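Next, two complexes with chain A in common: one pairs it with chain B, the other with chain C.
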Partner chain A sequence: MSDFWFEFVEITQTVGDGLLFGATYALIGIGFTLIFGAMGKLNMTYAGASLAGAYAGLAAFTFVNAPALVVFLVSALASGFIGFVVYVACFRFIPVNNHLAALMASIGALFFIDEIVIHATDGSPLTFPAMFEYVMFDLGPYGIRGDLLFVFVVCVVSTAGLVYVLYRSRLGLATRAVSQQDVAARLCGIDVHRTNAITFVLAGLLGGIAGSMTAAAVGVLSPLVTIPLTVKGLIVTVIGGLGSIPGAIVAGLLVGGLENVFLYFRGVNERDMYVLLLLFVFLVFRPHGISGTAIDRD
Partner chain B sequence: MENSTRSGTSIRAMTFASVAAAALAVTLTAFAQPALAETERTVKIAGWGAKSGPLRSFGVNSEAVLTAAVQAINDAGGVKLGDGTMAKMELTYYDSACNADQAISVARKVESQTEALIGIGPTCSGAAAAMYGIFQKTVGDASDTGLQFPILTDTAIRPGLAKKSQWTFRNVPNEIAMYDALFEWLRTQYPDAETIYGGTETDQAHSRLTFALVIVPMAKKHGFEWVGGGIEGVTGKVGEGRENVMEASKSSNWLMADTNFSVQARAFKKSGADMMIISSHPFTTCGMLKEMKRQRINPKVLVGLTSSSSAETLKGCSDAAEGMYIPTGFAPITEAAAQVAALAEANGGSADLHSAAAWENAHIIKQVVEATGVMAKPDTLVADRRKVRDGLEALANVDGLMGAIGRVQDEGESIKPYVFVQADAGSWTVVHDPR
Partner chain C sequence: MLELRGLSKHFGGVKALDRLDLTIDEGEIFGLIGPNGSGKSTTINVICGVYPQTAGSVLFRGELMNGKPPHQRLRAGLARTFQNIRLFPTLTVWQNLWVAQNSPGDIARQGFLPRWFGTTRRTRQEIAELLELADLGHKSDELAANLAFGEQRRLEFARAAAARPKLLLLDEPAAGMNSQEIDDLSWRIRRVRDSGVTVLLVEHVMELVMGVTERIAVLNFGHRIAFGTPSEVQRNRAVQEAYLGTSAAEAGPADGSA
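Our next item is the complex of A and B:
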């Protein structure tokens, strides 16, 4: 194999791995953007709650030896429940226009949830079950990780499910109505608080899947991941365009792919610098993100 | 009237008796107080470490071992003070969260607001490096207003920290000696292995510096060559060519919270090295090992960082870690070490390479207090702290769980016995004991 061809394979493999892993970033980004779209507020707890959900799934694995699929399901349900609790604790009773209070409350809740997990596990990394963990599909010179492919498929299916709920159900109609004009929605008889709570639960379910998929992709779960995943989710949300689900999907894959490319060419010390530079470029030249539409609640 | 006078006399007598009794009681109490204080004198020590945050296990394990050690000392009668009184040892443990600011804050508080004779902390190398900076550098230097309070650190293992101040001492394994001996031994065990390649988590100073300053130079010293060159500046001496190492391993390094290791593992695979080195803490060690297993990377020899020779690594990835060699300053291979491991577990922690030193530290403090005539009275606190510091500096050898611990006194460091362990079927097995 010539040097050029070898390098080409390496780079495309790097991008492919990044895209597959980027699916988890996309899911986290979708969760952030869903809540922002509905309430116009950032739920900083989101990634932490997602990982806490994954820990709940891990408990099912540890204590009753539940199979991987059940672990993922428990993770999603637990994260959905945590999403509801976070809504009640940090958003429900804070005045709608007090964005800073809600933001600070959710940051506090993030650290609180993280510390609960740390105290429960002493911060130790714990094995997380994965499906197809050591399966590799060899396609000529390329290798595709079975578990990452599974993660990618689960993320695509979850996103499709969410989009279906949002655009093909009465619940989705209510959510979109509240996100566009909550007063008008209220006048139409929609229970805004209930709709918001359901949005948090929906986002939580998605987050639980993202958290468990991230843990499954690494094969190990640690509280160390919480803050980086929160930062990554916010970057994806901003690059994708606040409130845009398609934008979050594209941005998640983009960040995942580019992150690997930067790592390959420039090393880990510069990798995040370029990702943040990308965020800066978007904020300056395309502040509405990839979706390209201004965020307009009215 | 008479009755009334008698009654008045009686009241006066009773009043006098009451006052006399009260005065007697006050007098007795006043005299009794010092005697009571005498019996209640305690040797106070303060511990601090990460009890919150992602590295909480450091503090939990250290506190568990330290608590067990203090209990054992007290059960054996306590500590003999300068006047022959036996005093109990008393431990207060604080949370410094593996954070430099918090470690400094705890150190200042303990020094100024408690009667602790000595501090044991702060478990994390980064926090220790920053915290040591606030201590008086040279004892007796009146122009230096740094803290004058002795510290005896466990767990924080990054090479060369304690020499920052003459008040700071450490009892941690010497990684330079350990990796030097490990690669010398591996040279004899794997004569066919010629090449090395590896990576580290670059945002963790201990992992990064040990990789660049110690592990790669020591491997080169014993005849192992980095695949593809690029580390010509590395001569086999500690620290030389550090930049070359980091540049040569640029695409195979990662960060402590990374979750995707595909690029790094491919760099490992591409190298085809006989020996691969993973210089990182348990979480990313496991992430990297699992990715290597997925990519079917099977080096002849796998070497890890000292900090990964812990229960955390086995909890996270015992199957992927199978066969990995690590030098360690603790293994339950002596009766005392096994006993400490059991006591730590009973206290909700784990005795390992890092935390086991806390047991030795408590016993070192007892030895120093008894040797230097510490009085453990409030008015002798400053002098007692100085005595403890001087006593620590005067130590030549102390008994440790794995054998005698030597001291490098101009640097405040220790030379601990060590063994080489290998991950084997879910546990760390001692494969070589050079003691």
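Our next item is the complex of A and C:
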């Protein structure tokens, strides 16, 4: 009985950690889904740009010894800026209906950004600052890592901020108007190119937070993270339902939690394999994702 | 106010609009009518920049509009409604109007934050007035998608008026309306005009056109075939032929309610 109890605590602990870390996946998923919602296109650069933002934050840490909070802020701003550059380079001037060209351009930009990072860091992992990493909250038999809790809280706050902007501010309403009725929005005086650019910047800010939070939770930043984070972001986006923000939130937490379940039972080598299988389970049995149909699009 | 000079729009070999000349004066309610496929909607689409014209030019308040994107034309004072309603379905009635408040003076005056994140007392008051105009005050927090058809039409009208345009283009606003609704619509159109907006009404429903417009141009096959006051146009032989066919026009004068 005590063996069972011990195991139960272990599993729930690991799932809880996964849920906390899953918030970063949710944030990345939201970024993908936000851009898809606005333009109907996938921005493959997104996770890479988010990590590049985190690298910019890391530069602030390395060269001027900035405190962790400033590092996170710089990451977000840098990633927002990269988001704008990616929009201009890969989306702004490509004809609206040419989805494949935009997709290829963004994949190219992903590798380009990755190469820049590899070149700048010689491809070696670098330590990333965290906050509250020595804090541990005891909750009965469970322990909650301070740094993970911080990551979770930051992600929740940024998501809440984004939802506020999208659903309560005129800026967000304008971007949603464009995603719902492109032509009508233009004829209501909304500059579609500008709102799209703003969407990319917003998504970029979010991505920079997600990137730096991922790095803070893991403790290191490495170019090797780019592809797994891109893949997980896409998985979250698909499972959540393309274009659905609530879906991305649920899917991010789901992937984070399940990932640790797989980790617990099958070990680190097999973990990502099962996460990918999850993607195919959804694509076959529920291709529209959790939310059924992508909301906010018609 | 609005001047179309030799305006043409060809879709492949189809001349949807062929060298159309038209002048609309400030403060009038101008009707543009014609049988199906005569180029009415194309005219509106070219005026507000949805389609580029094949030839000719659009002058709005003396300014050449050729090549300008729709949002710039709106800011110059050109707003429109759609024949097939195009509201923002998951925005509320109030938000639909808020998003559409893009009049040029306000945009220039407001800073980034108030423009994108706040509401001024003036914008709120204007929205309240528009809700009253569209008789939608009680539905202001309803999602646009949940409105009845007639309410959606009214919201679309109010949304176009929200930009405080100089010229309002109405693309078949009375389609599918009953007599009572048409009366309401005429009242609404007159009220908007009395607030200083010129109106171009593109319409099939003669009950509305004949009742509310002051001058009418008739299109057929992309050409203007007649022009004048409602009663002049009704008596025009070419118009009767276009609408009723040659033999019907020969059989006797139409009673005017084509």
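Definition applied: the second predicted complex is superposed on the first by the 291 of 298 C-alpha atoms of A that agree within 3 Å, B and C clash if a C-alpha of one lies under 4 Å from a C-alpha of the other, contacts with A are read in each partner's own complex, and residues count from 1 in each chain.
We take it that contacts are C-beta pairs under 8 Å (C-beta built on N, C-alpha and C of every residue); 3 or more make two chains touch, one makes a residue touch a chain.
Note that this is a predicted model, so its numbers are computed, not measured.
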item: Which superposed partner A:98 touches (first chain B, second chain C, both, neither); value: neither
item: Touching partner for A:119 - first (chain B), second (chain C), both, neither; value: first
item: First, second, both or neither for A:217, with chain B first and chain C second; value: first
item: Touching partner for A:169 - first (chain B), second (chain C), both, neither; value: second
item: Touched partner set for A:189, first chain B, second chain C, both or neither; value: second
item: Contacts of A:225 with chain B and chain C, given as first, second, both or neither; value: first
item: Contacts of A:177 with chain B and chain C, given as first, second, both or neither; value: second
item: Larger contact residue set on chain A - chain B or chain C; value: B
item: Shared chain A contacts, counted only where both chain B and chain C touch the same residue; value: none
item: Footprint of chain C on chain A - complex, ascending; value: 165, 169-171, 173-174, 176-177, 180-181, 183-192, 295-296, 298
item: In the complex with chain A, residue positions of chain B that touch it; value: 52-57, 60, 202, 250-251, 253-260, 262-264, 266, 282-283, 286-287, 290, 293-296, 311-313, 315-317, 320
item: Sites on chain C touched by chain A in the complex; value: 48, 50, 69-71, 74-75, 79-80, 82, 86-91, 95, 98-100, 102-103, 115-117, 119, 159, 162-163
item: Footprint of chain B on chain A - complex, ascending; value: 10, 13-14, 17-18, 21, 115, 118-119, 122-127, 133-134, 136, 143, 145, 147, 214, 217-220, 222-225, 227-229, 256, 259-260, 263-264, 266-269, 272
